[in-house]
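First up is the structure itself, then whatever we jot down about it.
In this document, chain identifiers A, B, C and D correspond to the written order of the chains, with residue numbering beginning at 1 in each.
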Amino acid sequence: MPGSSFGELFRVATFGESHGTAVGGVVDGCPAGLALSEADMQRALDRRRPGQGLSATSRQESDTVEILSGVFEGRTTGTPIAFTVRNENQRSKDYESLRRVFRPGHADWGYQQKFGLRDHRGGGRSSGRETIGRVAAGAVADILLAEAGIAVLAAAVELGGLACREIDLAGALQRPYFAASDEAPARWDERVREARGQGDTLGGIVRIEARGVPAGLGEPVFGKLDAMFASALMGVGAVKGVEVGDGFAAARSTGRANNDPLLPGGRFASNHAGGILGGISSGQDIVLTAAVKPIPSIAVEQDTVDLDGKPARIKVGGRHDLCAIPRIVPVLRAMASLVLADALLLQRRLGRS
Amino acid sequence: MPGSSFGELFRVATFGESHGTAVGGVVDGCPAGLALSEADMQRALDRRRPGQGLSATSRQESDTVEILSGVFEGRTTGTPIAFTVRNENQRSKDYESLRRVFRPGHADWGYQQKFGLRDHRGGGRSSGRETIGRVAAGAVADILLAEAGIAVLAAAVELGGLACREIDLAGALQRPYFAASDEAPARWDERVREARGQGDTLGGIVRIEARGVPAGLGEPVFGKLDAMFASALMGVGAVKGVEVGDGFAAARSTGRANNDPLLPGGRFASNHAGGILGGISSGQDIVLTAAVKPIPSIAVEQDTVDLDGKPARIKVGGRHDLCAIPRIVPVLRAMASLVLADALLLQRRLGRS
Amino acid sequence: MPGSSFGELFRVATFGESHGTAVGGVVDGCPAGLALSEADMQRALDRRRPGQGLSATSRQESDTVEILSGVFEGRTTGTPIAFTVRNENQRSKDYESLRRVFRPGHADWGYQQKFGLRDHRGGGRSSGRETIGRVAAGAVADILLAEAGIAVLAAAVELGGLACREIDLAGALQRPYFAASDEAPARWDERVREARGQGDTLGGIVRIEARGVPAGLGEPVFGKLDAMFASALMGVGAVKGVEVGDGFAAARSTGRANNDPLLPGGRFASNHAGGILGGISSGQDIVLTAAVKPIPSIAVEQDTVDLDGKPARIKVGGRHDLCAIPRIVPVLRAMASLVLADALLLQRRLGRS
Amino acid sequence: MPGSSFGELFRVATFGESHGTAVGGVVDGCPAGLALSEADMQRALDRRRPGQGLSATSRQESDTVEILSGVFEGRTTGTPIAFTVRNENQRSKDYESLRRVFRPGHADWGYQQKFGLRDHRGGGRSSGRETIGRVAAGAVADILLAEAGIAVLAAAVELGGLACREIDLAGALQRPYFAASDEAPARWDERVREARGQGDTLGGIVRIEARGVPAGLGEPVFGKLDAMFASALMGVGAVKGVEVGDGFAAARSTGRANNDPLLPGGRFASNHAGGILGGISSGQDIVLTAAVKPIPSIAVEQDTVDLDGKPARIKVGGRHDLCAIPRIVPVLRAMASLVLADALLLQRRLGRS
């Protein structure tokens, strides 16, 4: 598989560049009979549009999704669900200066080395706009998951080094930055203003939880559920670290403290494991954490090289987010949904769910 | 793909349970003409046998590998390389008490929920012995990588919360615990003795580096090189967190500090990214970190439930490591090698390497 | 993989129903740097439009293709090439009578059993319009193949039981029915008129040849090149048989007659094998044959059942081809091109081409 | 997937060369809880051993299978089922003369071109012994299918151009050549004697039927059930043609004659389609036909070339079958079983079976 499709049985392929004709995707393998409309996808896409918090780009696109196939009289038919979002607000000339130089911290260099050429406009395929396909596909996954009683939540728990003082994922959609606490956004606004004044950018940390996940999802060895989540989250641009449950803190704990004793009724006395044991869901809440690096498009001049390998200086123009939070939150959430939808269908093959 | 094979073009499937007849694997897709012998696999397997440092099990097996196919007159033929290691030193009766109870922190519960039955002896398929297949396959990958000028190194950088005071991966194979520094093993010995006295177990952190990796490996979107590494490392039992480059520290950095300026000659002024940008190798060293949880087999009685869901108490017998370090180090290294071998062959399809 | 994508490294996913919004596809894994425009796809698509010979439907659509991604300044970028063709000339009401009955010989029954519901309009996903995605993707494959010196030809060699008296594939594009001989179309016209008079439909046989294929393509066991061709051709609706080289005639031959002696210079004294030995291309021309069943939409009343399982009578309206030939010829040719493009990239991984 | 594994969810990988240490395979994805023993595999393997009819090799091996993993207390555990058969009766020196020349009609030439080297002993990986892995895996598939009420039958219906005068698949296991009729073996014996006298070899035709297959198996577009069968059967060495239902005869039929009218109760008035419509099983019997070419190892001297490309003469020694029938019959049957097992698990994901 050459890199633009994800999942075994609930499979999504995405396509599209930042300044091409359209971005979109194809969901293949979705069971028939689910109620699905463009509005379901649109609602999810609207959450990844700019406008939540101070950290966002000024590029404004309506990002209106159109479903091309796979839905008939309001229900999925079991055939591929293709959808597109047209690219509208393209100021490609903003990027002309990037045709021959590589932006530090971006994918530019790698693409050039890999393919021998690249679409230099706005990140091309590595643009955040690629994630539109993921989010729309995630909306389909969510419908399947909801039928199975599974809900996936996500929130920003840290921005610019400032952690939320409490964690409430359920309310995140109503808060700026999709923050995990009411108190964080005000502090984060201040941090963002400070960074902007320095031409600098920020990173953050996102937490994802899945509730209602039945025990038994995930394959024992190479298809471990945690490995799938790790691949899904690390495969989102800007993510540099992934944890399951206690993550790196578990490495500093001891077996006595870290084990989760089993209780009658399929319950556990604690959830250090984050809901996954031996690669298989335990029936507890799934808990995932992703580290998001600072946006590399800073407003100060940087050292780089040009296509001929000669030293150059670059100051990135265009319209950029200052922090991937909050827009990355629905993307990471969508990836978790895609993993779960796939794991759910895979488990059904065993005839035990 | 139901979970026991890994990789697209350089593909390994493993098989075997702790107390079954044999463990082993099949490497499919290895190019023809590589010099390969059982001694190459054996050398790698010997590194994951007990005996390095105080933390290891007393189960002693020679773990002698036999190659069944795919090698002719000392060279790979391009056909599947199958190999097995017989299970010898099986004291299955040690495990009879585990037939009807679930060990906290182990895969027991998940397997039972997933499959409706399980081989309760020594972890069955979730045993560390499964990793024999990975390590032997990794030895094949290493030969392919060496031909391409790529070397993969790994070392323990932290154990029981005690971090190495310096990092030298090249010397790790000669040190107890495959430690990243000369000074760490003595401190770790003491920490291990302390934990043993408490019937407790420890975790740690492993660092993997790959040197000589050409720019351009990895696919842009869902086959990102970092996503593949994340899946590979998180897919090893006991791993709860994975970082690429600065990982979680990057989330607390800023764009100005975190960007790696490009220099002439395909070099960079720093390597916060850990050698991967936009999912594609940059030509810098690949840097990965994995968090390893404490061994769940502790020597104290724990709460659990039995097959009927009734409360039970369990004290795990058998012969267990006290810490997955050092034995997990060659396993994680092997997984990184498998990812790189696969990415290398995938890149060759583009006719640019 | 749930059924709408094809190929390992040169991979195509198609989507779309006959009477949905659009049909199309995504080509993933195409190497960067190939010259590609919508005109290349359009030329291929025009060949599968109605109008060649008497056997075609009266449904007329311009089938104008739009490329949405993966091409920049006239060259492929290595990223997914998505394309769509809008469905225009939809007379869905023609199909309203089919909502509750199953057409004999069609996919209707299977879809209903598989998914529990179906888009009954014009075959839905099983419509011949699905093949638009294959043909457009095949046009991309052809560019890759042409660079490697490979040409794929196809022609109808039999229609309604009347075989061509000579075989000339090179001229087929210029002939009605894409016939393999100049003399056949007149006889076939007569056969078609006769069948039409009886409300009946016809089948035929298509031959595909690939020239310039290097020796060494195909995998030895389960990825045999002939197995891939068989899957590709049998996977086109209406195909009921596939042969490689002498096919069924080989089963009635003897070893002395059927073996192809090798000659110096990588040549062979004959080509009974059809260019494939042991699943691997020999360097000779690839020769494939596909049997195409009669169109099941006949203009006479047939016995069937309705959604409740009750007996019903059906006379299929709509606008239908009388024979899948000629329109299936470019589809089968495209499938062969897709197989070869994939096999070519797979072989490159071995670093020997 | 580089060529030695087959199937999506019920997946088999095979390994081994004719004169290597062992042949075998790994079945991954088999559901847990099936009763399975080595005797089940052995019974299937015994059917592909020499001794049925006059056409067989004199190489006699016990072909004793050993299960290495995946079975616990007589039941499958859901983990990979690995098995091996040791190669015993190796007279490798018989093949020394083949080190530098290519046998016409064999895979020798292709392997050399593909890999740059080859194991020349007895066909190496392209040997019929590779099919041991398929047959043993097929025995596992059969247990799964039997639980679902599906039976797969196979018989030789033609040998050396002499067709059975009646078709009775159920009795084939009791007849020489696994013939489809009582009267055929005597005629075939004579035909075989005649060919042997001429140093020649023969081909034949095999028919496979699957009974009890529920409607709904197979994916609509690229994972069509007939495409999977075509790939599975054409992927067996020596097969040059595959038909579903009426096959090539359907191409010469008309729509009126070829359509199968539907009857109440999920029945059909005829089965020209061979149980598959639109790539999906209809609930009727699946009917498949495979054309098997003559064994290329003839006992007369042939023209060929050597490794340096110079003209050479070859007379193949060793111990060879004169016709792939009967030994290919259980192999083709096993491949059909593997396809059905996979399709059955794939369908279960939809939660409708």
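Miscellaneous remarks
Here is the rule we go by: a contact is a pair of C-beta atoms (placed from the backbone, for glycine too) under 8 Å apart; a residue touches a chain by one contact, two chains touch by 3 or more.
Just so it is clear, the model here is predicted, and its values are computed rather than measured.
Ranking all chains by how far their C-alpha centres lie from the centre of chain D, first place goes to A.
Interface comparison, B-D versus A-D: the pair with the greater number of contacting C-beta pairs is B-D.
Measuring from the averaged C-alpha position of chain A to that of chain D gives a distance of 45 Å. Rounded to whole angstrom, the centroid-to-centroid distance between chain B and chain D, based on C-alpha atoms, equals 38 Å. Shared contact sites, meaning residues of chain A that touch two or more other chains, fall at 1-5, 8-9, 14, 29, 31-32, 78-79, 111, 114-116, 125, 220-221, 346, 350.
Across the complex, chain C is touched by residues 1-6, 8, 14, 102, 104-111, 113-116, 125-126, 130, 158, 160-161, 195, 198-205, 214-224, 226-235, 237, 239-248, 250-266, 269, 273-274, 276-283, 291-298, 300, 302-305, 309-311, 346-347, 350, 352 of chain D.
Residues 8-9, 29, 31-32, 78-79, 220-221, 345-346, 348-351 of chain A touch chain D in their complex. Every residue of chain B that touches chain D in the complex is listed here, in rising order: 1-5, 8-11, 13-17, 20-24, 26, 28-29, 31-33, 66-72, 75, 77-82, 84, 111, 114-119, 124-125.
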